[in-house]
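Here chain A shows up in two complexes: once beside chain B, once beside chain C.
Up next is the complex of A and B:
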């Protein structure tokens, strides 16, 4: 049941402190990476609500990421809205898309749910790839960041924008923590474990799954809005199925059913992607810089190692070590 | 799922359940209510059946498993359902519980036509069930199992902004339920570590947590030791007299001691309906079912 994991709050605090320290001592490049980590942490936590809590494994979550990004691009570039208003509208658009898609997707379970969400993601990708009004395969550029002049700040500065995204990630974590520790969150876990029993107890299971799907879609759209502002550019690739796969890997590597795990998975994978694809990293450890071309191969090895050695993810492994330590201490006492 | 169902998302918002039912009633205005039946002339609320399954027919492929079965239960009645293996007892049970929609016939629950209603809607109308095989949250504790059922019963399961642990009324209700059914000492035991008999008790406790009007029990003593069977018998006997029971049971001693009326099914058809004495004395039942014991 959500709420009985004593490691959750210390781990979240450690992650926030590490991010804060990296931000404080970071340079231009690190601030850019931190913003990307924070955005993918939001995206991964939203998927974790579906995968880890409600047991709905989605391979189309990038649809909401792309919808949020394109909605932000459209509201800012076409209508001239300020970035914060566009973000709110983008979250609404992603939620609306999730509500419509969810009505169909949640009617099925297991591999069929995966197939429907995969199809949804590819439909969104195909639409933006062809839609000339949204720049087709060229995408859209010129997406602004929030205007913080009133606060004496410039969001175009990486250290300011990365701080904003880190604050947003913490806010989303708090929001999702409240949700997963509520009776609604408990019902999602119960549905995941034994759907027929929950239904027999009088719980309208479909309605709960739809609500989780919409909430996850809305937060995925929020992450999409932030990535559009981060890069200043959107392209159909944001909705491609590999993005859904990548965020699913983040959740699995970090540990399903633990929001901190999803954020940790996002941090590890974004950092690895940056380091492994950089020739300087390989030279620094005494290997050929050419290995940077094979970074995806190394990432694959890492993913296999995590799944084999820590089936419940990095956070899940940490939590089980902590539990074993507590048991030993109790026995010693 | 109705066209209106996508908007059910509002049900998870504060006061969403009320808002959803209000919006639904506006959407349905001008149309007859979906499940409610017109009141019958001269109907008496007290004597009206709480459960009426009429002409239930269902087949799996070419095999007809229930054939025009009619079953009527008065409020507070304890009704037994017996028959040899393959007689259609569990199929009828699943049709009444909403797991299967029958090919013909209707099911009315407290005057409401629920023939096509989902199991969760039937549960909200007061029908609870236990399963033939234990169907529990096996990696949760007894307390957590009951808290889930009580959260639904207390209509707080949709609340998404207040911690579950802070819903004291739900947890107190779960503890009271456990104590009342002799599960107080295993409250914090993970369910899969309980004995089979205790898991059966929890199975019934979950159903009772909903404070149902009708309880369907599918072979409550199956696989139990004589001691566990006796404890289960005592537990069922102690249920409130206002609760209507429909019980499938193979142990005739248990059933004859418990039921007011018994329906005997054979090859999907009703062989006999009557008081336990009539069933016990029936030559047909004895030769077709009891005699084979």
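Up next is the complex of A and C:
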């Protein structure tokens, strides 16, 4: 719980400083990677609200990512809206989709919830894969970024756009922190811990779960809108269920129920994916560059190792070290 | 066109063939889910490995029938290994962690297959004895596809007899109903689960082998079939033979007819059907009634 967690603010500050330093000293390529990390951090934090706080393990979160991306593409390319307006509309679309999907999904729990969200997510993927008006399996191209000429900036420059996404990530973190520290967030955690008891107290459990599902979907749609502007291109692959699985792994790598952890997990996984699929990395550790084409093999092993060994994730490890440190200090004093 | 008897017969047979493949894949997944609340996302990977093992066996022995005998055993062996190395140690973990370990295995399996067999698609020839065509109610139909249907029906009959008539079957049924109580009676549920898990892997391998002469074999063939299989389990309701059979038939038929009647909405029809079922029965058509 960030509410009682003294490590949360320093960890967040450290992450922001690290991102800021990387941005300040970064080149073209690093700015591209930073933007990707920021976007996936937003996506992972939105899923963490569901998984880590409300206890709803979704394997279909990419549906909202894809919905946000496609909505942004449609509003900008078909209707000629400016990117910011399209982003607002995309968040609305993702929230609406989450409201409909949520009605089906939240009626069950546990593994069944995992499977139903997976199937619902695949439904969105299958729709975009076939929908000719959205370019079917080719997707859509030509999505603009916000026009910042009034500020004398050009969002097409990676250093400008990556700064935008980093600011957006911090804003989403603040928003979610407010949510999880509110009575609403406390209720979600209570439902996660003991649903029957909360229901017995007269709380409309389903309504809370649906609200969490919609909020997470809306923020996932926001991340999708940003990825569409980042690459300038959308394809059905954004909604494929392995994307949902990967973002779930990000949450676990970082540590569930700690928003900063989700962002940290996103950074680790995005960097790892870039390194493993880069031949230069394999040569640098003295192996054949051809191994880069089998990066998924290593990634899969990494996933398994993380799930088996990570326990409460990187952030959880950090928190327990910090706790031990405090205890030692108290004993010393 | 739709109401022509010839069209109906051929499409119904196609649907039945897909249903039987889905049945072979979903029954193992469904019973394991029912017993242990565990979903193996790498089930599609086992199907793919079954098809690839069949490819290699056919190359070595030049016989489909040897492949039919050996490849599913190979897959069952891989499943047993997976159980011994990973799954056995994970039973106390949350369902999410179990699911995600099998999620990681999908990536490992995908690249392992690419390393061993390459990225290009392969096919294996239809065995000679079944290469012909037969007349079904006046319509020409490939004999091999009828063979797939026959295999599915034979497995269904064997599983029904096994579940209803044998001691292991009784333990499995009881384990799905109330695992704790069965264990309290001194029965080794763990062992029964292991056997069921291996049988499920064997059936997934079998599905891979029999589908290999019809569909092409390529890395990634596991993905679409996995999702269909999961939908069968969700729609049918996990844990029961009846659920897997009905779920497979419904999904197999709706998918086949959907592809012909409304190709624009091909897969979407299945998801719409699933949503409709879940709206009325959140735990599937034939959920196992739990006593606790």
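Note that the second predicted complex is superposed on the first by the 329 of 333 C-alpha atoms of A that agree within 3 Å, B and C clash if a C-alpha of one lies under 4 Å from a C-alpha of the other, contacts with A are read in each partner's own complex, and residues count from 1 in each chain.
Note that a contact is a pair of C-beta atoms (placed from the backbone, for glycine too) under 8 Å apart; a residue touches a chain by one contact, two chains touch by 3 or more.
Fair warning: this is a prediction, and the values are worked out from it, not measured in the lab.
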Task = Based on the superposed arrangement around chain A, label chain B with chain C as either clash or fit.
result = fit
Inquiry  = Per the contact definition in the header, classify A:179: touching chain B only (first), chain C only (second), both, or neither.
reply    = first
Task = Have a look at where A:190 lands relative to chain B and chain C in the superposition and call it first, second, both or neither.
result = first
Ask   = Counting only touches as set out at the top, which of chain B and chain C does A:199 meet: first, second, both, neither?
value = first
Key: Vertex chain A, arms to chain B and chain C (CA centres, degrees, nearest 10)   = 80
Task = Kindly classify A:22 by the partners it touches after superposition: chain B alone (first), chain C alone (second), both, or neither?
result = neither
Task = Examine A:303 and indicate which partner it touches, taking first as chain B and second as chain C; both and neither are also allowed.
result = second
Ask   = Is A:118 in contact with chain B, with chain C, with both, or with neither (first, second, both, neither)?
value = second
Task = Have a look at where A:271 lands relative to chain B and chain C in the superposition and call it first, second, both or neither.
result = neither
Message = In the overlaid three-chain picture, which partner chain does A:249 touch, first (chain B) or second (chain C), both, or neither?
response = second
Request  = Pick one for A:107: touches chain B only (first), chain C only (second), both, or neither.
outcome  = both
Remark   = Once both structures are superposed, the least CA distance from chain B to chain C in Å comes to 10
Query = Both chain B and chain C contact which residues of chain A?
reply = 107
Inquiry  = Looking at the complex, which residues from chain A come into contact with chain C?
reply    = 51, 57, 59, 104, 107-108, 110-112, 114-116, 118-120, 122-123, 126-127, 129-130, 132, 241-242, 245, 248-249, 252, 294-297, 299-304, 307-308
Message = Applying the document's contact rule, which stretches of chain B touch chain A when the two form their complex?
response = 1, 5-6, 8-9, 11-12, 97, 118-121, 123-124, 128-129, 131, 135-140, 144, 147-149, 151-153, 156-165, 167, 170, 206-207, 209-210
Query = Which chain C residues qualify as touching chain A in the complex?
reply = 33, 37-39, 86, 90, 95-97, 99-101, 103-112, 114-115, 227, 230-231, 233-234, 264-268, 271-272, 274-275, 278-279, 282-283
Ask   = Given the complex with chain B, which residues does chain A contribute to the contact?
value = 1-3, 99-100, 102-103, 107, 178-179, 181-187, 190, 193-194, 196-208, 210-211, 214
